[in-house]
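Common to both upcoming complexes is chain A, partnered first by chain B, then by chain C.
Then we have the complex of A and B:
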């Protein structure tokens, strides 16, 4: 036997201690209280995911990236409000729905930092057996992670939208218009958050090395934006207008923007042309649903195959 | 030991009936019929013997190809979530994220087992203390020794006060001292904490020390399921050492039908099937004019018993 501390030395019976200011070994205490169900388990995992994305409960260096990016995302609304004040404009220079598209690189960086954190650690270090041996399913785990990252993203985007609203109201822009725009912006932000979370988590889940995951997400989202723009430009130059209206939606940001344009009737971010009419809206909605459903299915499959245990 | 006031839901911790699991052409478990009582049950088998497959089925994570398995009276095929609420599992593999502290990890996992937030914190502090992690529990796990990591893995299996813990090769990678401590701790889980234990190992020798019951599987087939007390009682033998001419004494004993195993040098062991054998040892030594150095009742190690059994099987 080595001289290491005894493992929870035998229980000294009796001796309750005078004021509870001394730690007494009470022996192993059993628990007969409530054991909560899957709802609580999923909620707890979701909360832990959201906290982790913002670096809460993690080392200080994990807090730097998310909060720098949040700072960058929240600064422009103030500048925009100031510009409205100074130019005495009657509307915001950037609409609520166009804001995430304009800030797309920063949003992408945020997703790229957050998604690998959400899944890589558990996959890389083999933590999944510890989850799966508890009263939850693989689907519960995936659901909690997707919902957690979506919620975190939405919180950031919604804060930016809300700052934009506050700025607009301070600049005395028409309240009704602004509230309507803001509500539309929130809905758009919610849809975009879910879409980006699913895409980010799928990429992160197949690249268990965290650094690779970050790089893959940035590259993927930036490249697809570039490719979509290039193809759109080529198609419209050759005169394939219908095709040119669909190609931008290869880019997730444009897909959500296009839906916002069709469903909410707002203006497209930087004057893009999107598929027209109810048919176009339905196609866009179908694409969105397919990407989200497909991504979720891929995630569940990934955890069935590689989840360990 | 604390009285728990908890009546067991079933007399057995685990029961399987004709349990079979195949992976394509490979049969991992073949018509396993075994009952494991409460207390410490050792599950012994070489790597690939089917231990991990059995554990996955018991946790309700893998469907048997045919047959049934029950844990604490619950059906593994249909009551998976209920079983996992009442069972703790310590994986064999590395499974700890390095960048969180033991406290953070175990609190989180306690919630994942359905404990309310406050209870999860209290029980985590308690459980980590019981497994012997003190101040270091606030430091990131990445800096822990193998022994400390094994304790964290054990703590997360115990934190929700399960009725049964499944420990997969808990002594893997530990040095002899760490191994002893882990085995002692496992024994205490049963005797002091009142939690049933199913512990696997590929080493029979270490499990015979702590297990009340031993199950041996090989190639997915049940080899033996026996209470440790029975097994060691059956195998109680007498160790005999003489000053000289041990081989002649052995020959005399064999002549009267005694079962003798030569031990090298001037010692051997003999099974005291009846008093005549003991008399023959003493009488034979006197006849040969050699001194009887030692005649000692010895508890046979199970390892030897299984080895002998194999030998006799081969002879047949």
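Then we have the complex of A and C:
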């Protein structure tokens, strides 16, 4: 009996609890197992985010949308591989880096479905103070969510790219070329995932209602694409060619595609003209870095004071 | 119609964050229309790609989706619809009241800006504006009814609505000709084409569907969506929010 304290007994003086963080001891049995600490909290949150994006550990109706969209994303590589077989072409009709741009609407829908899931519920149900009372900091929370969504998105895009590679190899296209293109596609997909995750989470974090968050992300990404195309057309019509080469990068998908064109030397998706030379590449990289850093800063700022609505 | 339900719906719809989007999108369209005018010198044939592609193709369905899901979807989502359903008001009245508010909002935030964009970007004696206005009004009527019904039927209304409005109508419609026959946008365009008469061809306002068929289909879809919405609201099952 000596190890059990009577209920309601005051904490014995000189024993301030395991970490000195006891406010009021109700006399329940203490947890004296290993404390896994801040890194483990972040890891658990990250795993939870990735699983949740795919609907794992959530009810069946939450699994429908992500998997329907993944199905739509993974179907075209099979069709493309088949078309290569039938036409006996020597290259894929759609390059690895052009694939996400061509499927951007579906990718956007996937991000829009996933990002509000990641952050809106925590804000809406007011549980942010509970998270932040753990050894985890605001920056850790933001990092775990961004990393989780980026990883999930990258997994989807990478599977599509890999299917494209498998199809190309089965169609007996040159192995070296295809492997190179595939590696480039993966790098592009990784950059795109991070960029889209940051943009999606920033929008979702200021719209705690899930439905509105979904609509806001899609509206933003779809409208910016249309606007960028229109502005580019107007600028080139009036003869501002330098401006016309920069305007497409208003669209996140084109920004990443433009970087891939300049850095990896691949062809642009649907024949866009992007800023030329090393200077252009540096400007593009600077824009990308600024958007990601700015988005992360906004997110961390959003969670001050426990992320009140 | 129930005035209290309508005023509550209006206040919910124009809540601060949603209204930001609802105001920004029309402003964007009109701003772009100004740029198009500067580039094309007010040529109606140059106005059509902006208004047809971006306006009718993207912004109109998006705005209708924001409105349609805003009037009832968010209430179902956070469960506060029970307080409304528990009142001695027929479910039919509730849905119709919300629908009327949504149609009014769509007129203000989607149809009028589209017409305004035509006038800014370049028109010939308001004839193009009339044709586009008729198209936009008919499309908004159908879109709003569809999206309101969809929000009652499923929680994934926003994503499903977008899959239809953007993927089905814009992307698939570009590749598969048959898809264009089953599209609110093409049905509404048929009416716009008739309104414009001889100018429709040169200005590029053309539809793949004949006018009588288009009007019948629009009517069937709109009425069908309203009936479905009412039926499903009468037997609404509240699933706990995840």
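One rule holds in what follows: the second predicted complex is superposed on the first by the 274 of 309 C-alpha atoms of A that agree within 3 Å, B and C clash if a C-alpha of one lies under 4 Å from a C-alpha of the other, contacts with A are read in each partner's own complex, and residues count from 1 in each chain.
Basically, contacts are C-beta pairs under 8 Å (C-beta built on N, C-alpha and C of every residue); 3 or more make two chains touch, one makes a residue touch a chain.
On a predicted model such as this, the values are computed, not experimentally measured, just so you know.
**Student:** Once the shared chain is lined up, is A:90 touching chain B (first), chain C (second), both, or neither of them?
**Tutor:** In the superposed model, A:90 contacts neither chain B nor chain C.
**Student:** In the overlaid three-chain picture, which partner chain does A:105 touch, first (chain B) or second (chain C), both, or neither?
**Tutor:** In the superposed model, A:105 contacts chain C only, not chain B.
**Student:** Look at A:64 in the shared chain and tell me whether it touches chain B only, chain C only, both, or neither; answer first, second, both or neither.
**Tutor:** second
**Student:** I'd like to know which partner A:301 touches here: chain B for first, chain C for second, both or neither.
**Tutor:** In the superposition, A:301 touches no partner, neither chain B nor chain C.
**Student:** Tell me the contact category for A:113 with respect to chain B and chain C: first, second, both or neither.
**Tutor:** second
**Student:** I want to verify the contact counts: of chain B and chain C, which reaches more residues of chain A?
**Tutor:** Partner with more touched residues of chain A: B.
**Student:** On the A-aligned overlay, A:127 touches which partner chain: chain B = first, chain C = second, or both, or neither?
**Tutor:** first
**Student:** Going by the contact rule set out at the top, does A:215 touch chain B (first), chain C (second), both, or neither?
**Tutor:** Second partner only, chain C.
**Student:** Please report the chain A residues shared by its interface with chain B and its interface with chain C.
**Tutor:** Correct list for chain A: 58-59, 121.
**Student:** Report the residues of chain C in contact with chain A in the complex, numbered from low to high.
**Tutor:** Going through chain C, the ones touching chain A are 17-18, 21, 25, 28, 32, 35-36, 38-40, 50, 53-54, 58-59, 62, 65-66, 69-70, 73-74, 77-78, 155-159, 162-163, 166-167, 171, 239, 242.
**Student:** Which of the residues in chain A come into contact with chain B in the complex?
**Tutor:** 1-2, 4-8, 10-11, 25, 27-38, 40-41, 44-45, 48, 57-59, 121-122, 125-137, 308-309
**Student:** Considering only the defined contacts, which chain A positions touch chain C in the complex?
**Tutor:** Going through chain A, the ones touching chain C are 58-59, 61-62, 64-65, 105-106, 109, 112-113, 121, 124, 206-207, 209-212, 214-216, 218-219, 222-223, 226-227, 230-231, 234, 237-238.
**Student:** What part of chain B is in contact with chain A in the complex they form?
**Tutor:** My answer: residues 1-2, 4-6, 56, 59, 61, 81-82, 84-85, 87-89, 91, 93-100, 104, 108-109, 111-117, 119, 123, 126, 129-132, 134, 140, 156, 160-161, 177-178, 180-181, 184-185, 188, 192-194.
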